[in-house]
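Each structure below is given as structure tokens.
In what follows, subunit A forms one complex with subunit B and a second complex with subunit C.
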Partner chain A sequence: MSSEEFITESLFEGFKSILSIKVIFGLIVLIILFSTAILAPVISPFDPNEQRLNEAYKPPFWVKGGDKNYILGTDSLGRDIFSRLVYGARVAAVVAVVATILTAITGILVGLLSGFFGGKVDQIFMRLVDIWMSFPPVLFALALIAILGVGLKNVILAIAIIDWTRFARVVRAEVINIKEKDFILADKAVGMSNTHIIFREILPNTIPIIIILATLEMSIAITVEILLSYVGLGVKAFTPSWGSMISEGLAYFRIGWWGMLFPMLATIVVILGLNSLGDGLREKIDPRLSLMR
Partner chain B sequence: MPVSSTYLLRRLLYMIISIIGVSVFGFILFRIVPGDPVLMMVSPTASLEDIEALRHQLGFDRPLYIQYVNWFRDFLSGSFGTSIRYNTDVLELVTSRLPATLELVIVSILVAFVIGVLIGVISAVKSGSWADRILTGFSFLGFSLPHFLWGIVFIVIFGAIAHLLPVSGRIDIDFEVTPITGFILIDSLVSGNLAAFKSALAHIALPAISLALSLIAILHRTLKSSMLDVLGEDYIFTDRMKGLPERKIIFERALRNALIPTITILGVQFTFLMGGSIIIEYIFGWPGMGTLLFTAVQYKDLPLLQGIVMVYALIVVLTNFLVDLTYTIINPKIELR
Partner chain C sequence: MGETLIDVEDLKKYFISSNFASRLTGREEALRAVDGVSFDIYRGETFGLVGETGCGKSTLGRTIIRLYEPTDGKIYFKNTEITSIKGSSLRKLRKDMQIVFQDPLSSLNPKKRIMEILWEPLRLHNICSEHEKERKIFELLELVGLSKADRHKYPHELSGGMLQRVNIARALAVDPDFIVLDEPTSALDVSIQAQILNLLRKLQNEFRLTYLFISHDLGIIHNMCDRIAVMYLGRIVEVGDWKVFENPMHPYTKALLSCVPSIRKESRKNKILLKGAVPSPVNIPSGCRFHPRCFLKEDICSEIEPDLKEVKKDRYVACHLYQ
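On to the complex of A and B.
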């Protein structure tokens, strides 16, 4: 092996290990998020909504004036920030899972039908996707919330109504690719029903791509929930969400930095983790796939 | 280069279908309000007569298809109704806010282009180096984190901690700039008011950079890969053999060709940044269409909300149409769809 080959070889190996680091980092974040969400009542030392006004603005325990009971401090109403952070993870996780399942079901169904049947069906669905995507997502979400009202259910519903197009387009392209393959043509030749071909033969082959999309969709869903809660149009007041915690924390930033810092860090880590998982999986599974918005 | 006329016609047809679709959609969206949309719009103390009068004024007492036909006719003639909150013509309100939004988006694109191209070239020329790795890491951050998180981070760092840059509004209230174009940067320059220009520039810096980061990341990735392709071409090899200076090879010979795929991205990204500007305007108190949208949502001003939604959607539809056209003109071999 020449030294040049050795260098390219080791560069390549290094590159590969970076990829797996992305995936591992993402998985760790995902596991922490979901276990926190499930175990929230066990982990959190206080009721996230319990107010103790005489204990307001307590800094984290390691800062002068901090209290060991409130490890990350308290907010303007004397609520325990750590407990709110933990319950906020629950809101984020619920939105991520439910919204992703809903968008995935609609999008995959449209993508399968559009890609498999082509022609008029495809034309109609794709025009619909075009029209849908003419509305910027944030605008769409705000308009839907204005109409539906605030609350966790409506946030999830809004995401489901808006974001199915991403799944539809990518799955459709994949189906068009798969349906020309020999084994599908053979299935058709032996007279298998369309339903069987679509759901038993084609759908399983799109699963790798669906997993990548679902990972990214979770990050988008969490972002939308946090954004809506930040502007006061997400979850109802008093439901602990990282978004509302950030905006409340900004309001008393001059008194205490901890109010906005911890939910902000949690948000950044979770979004980076999910993106890194999606990106890492994409590089491993299907490097051709471009998911740039 | 002439674009094939059938393609042009088909693309035009798609655009018309999209506009009709968007209008149907915008109409339905505001008729599926749970309960009574009129009740949503009046104050809780309104009398029954007031409610019925508003219902009649909005035409909500007519059959649905007539409502749509009327709405579409008004929509084509640019009449979006009257804002309930401001009691002014919706289109007038929206167009008065449009320049601020466009200014923010255009400045973001310019900033992103300059930085994106610069770091893209560095990454390509020094591919695999530490500089490349650090830039690629930054790109991943820029691409992964949503605009509004960057906005908040910048407000905290530059506004609340360092007090370096203003975090709200378009210009200091002390300055008065007579609107000519509506673009405050241009207007202050044209009227020779340098102090106002400086203030406007300082005000747009943080919102524009928050909005630009994702695009910088995309440009960095795209330009790096297209530069690497171009630098491997024979003519670059020949240039090197001829002894052209490396600087000239990179910036004049290679960059020019590598920029083509980058430029086509800008059109699509324009619509993306239009969407992103909504939340950035909210965070930085930027008086554009985005903040107007929040007012409409807050006051449940349905005519205003509908008007804003339609204007954003129309901008997206038109931009997509123009992008597809320019794309086929730049690269006539590609027939889209």
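On to the complex of A and C.
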């Protein structure tokens, strides 16, 4: 067996071993979310911000009075809800990916240093984490947006500033666990530098936990964005986001239920999917983690 | 006796446990794992270190090769002091001293293939270039009796004995003079133990290696070692060659050897059973640290700590009975 065959085979075996119903459901949701986000201009029949005031409050096509052109109806300004939903997936996907990457990088770095060096470094970082976590996250987010101003970039920044602590704590615990293994001593005996040990020897061993955390972090990031947009502190006005759609839909709820229902459904499915992916992976990869929630 | 390779003088390694409460009261507790140890290791020999669990033998081995910072005392390697060297000279020293651990699985990174594990020491010390990598790794695998195909495997895919061979290969990769064997066979099956011991002996002859062999298994120590040191609670109580087994002098050594299981009937009767448990290394008894359990105790023993003294040729004992 050549080494390439060996690698692909063990990769395939590894992939098969983490599959479960939860994981498959989560993966499907994730794939739909990202392909919708990427293909938004192709999928959506209308410009999400195009207003046709004479076509306002059209119900979904299967309801009496509905129009085949507007599958899920139109809102108070006559904008196509389906197109806005599709473009809203873009915001959700961007927030999920970028905010998660930012929180992960900061949190992992802090966790690695804190766990590996221990002592004073650990004390300082962990007290900082304690202080950070003592703020109620929603109020913290509102305060940060008040300082930074609205807009997608600032929403992502706020999420990263609030949520790095989750990664820091879990990665630190994992590093402390790995650090006690003999192979770290053996690495020292061979003459490896601390930097090499931290990033090349310890970091690869924390990857499974990082993947689980990242999946859960994505759902948290999306929730926070929707929440901020709902109260009007998220993305800028006219950017279609599920959060702002829900709040707009609430305003004309008595005239048309569809304006609020569809973005809510989309949110629920995506959050459920991501949580189920994270949970499923955790059950397969690391049963210990389920105790830590 | 040959030339001295390693000379340890009054080496101490304390672990300080400090927490919030101890800092408030100003009473930090020191765990005295190694508490004033002196001995020489000669080039080409196997120096055995025996003792109970927790007596500090592993800590001693790790402190000598500078994996732990010594608290006090001096270590000389090839007549150069290495007690507090740092940076590039320490990195150079890593090339001369290696270690093999007890648990063969936990001493290999589970996320790396055998080839990557063996490549690290070669790369770090510029032992061979990238294009000689394969050949050199084949050479190492062959040396320790593994097949070429094993290089693509992950540690969890190999058996305990094979893993210990990988650990030995990693230690050999830098072509060291001195290897600390920290209970290299105690995690293995008896049949595999013999194979590993034979391999270690073969390698010693081939490369003129010097071993510090740490074990609690007296049979293996007797079999492998040229000289042995007996350790009790952070100190060496007796040093000597194989005659230590014939004629133990320190009461602790006597008790230890009398408890080796034997099939002969007469030896079963004369077992010396020590009273009580080993005291905690945080709270070491005054005087001779063995006196609370000693069956030959005298008045002086609880007051003055005996030094390790040469009582016969090449035989050192730390006991008031011989001073």
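To be clear about the criterion, the second predicted complex is superposed on the first by the 270 of 293 C-alpha atoms of A that agree within 3 Å, B and C clash if a C-alpha of one lies under 4 Å from a C-alpha of the other, contacts with A are read in each partner's own complex, and residues count from 1 in each chain.
Rule of thumb we're sticking to: a residue touches a chain if its C-beta (ideal position, glycine included) is under 8 Å from a C-beta of that chain, and two chains touch if they have at least 3 such contacts.
Please read these numbers as outputs of a predicted model, since none were measured by experiment.
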item: Touching partner for A:V190 - first (subunit B), second (subunit C), both, neither; value: second
item: Partner chain in contact with A:K181 - subunit B first, subunit C second, else both or neither; value: second
item: Which of subunit B and subunit C A:L139 touches, first, second, both or neither; value: first
item: Subunit B versus subunit C as contact partner of A:L265, first or second or both or neither; value: neither
item: First, second, both or neither for A:I28, with subunit B first and subunit C second; value: neither
item: Subunit B or subunit C, by number of subunit A residues touched; value: B
item: Common ground on subunit A, meaning residues reached by subunit C in one complex and by subunit B in the other; value: none
item: For the subunit A and subunit B complex, residues of the former touching the latter; value: 11, 127-128, 130-139, 142-149, 219, 223, 227, 230-231, 233, 246, 250, 253-254, 260, 264, 267-268, 271-272, 275-276, 279, 292-293
item: Partner subunit C, residues of subunit A touching it in the complex; value: 3, 6, 181-183, 185-192, 201, 204-205, 207
item: Complex contacts: residues of subunit B adjacent to subunit A; value: 14, 17-18, 21-22, 25, 29-30, 32-34, 128, 140-141, 143-146, 148-149, 152-153, 155-156, 160, 218, 271-272, 274-276, 278-279, 282, 293-294, 296-297, 300, 305, 308-309, 312-313, 316-317, 320
item: Subunit C to subunit A touching residues, read off their complex; value: 62, 65, 67, 91, 94-95, 97-99, 101-103, 106-112, 120-121, 124-125, 152, 167, 170, 174
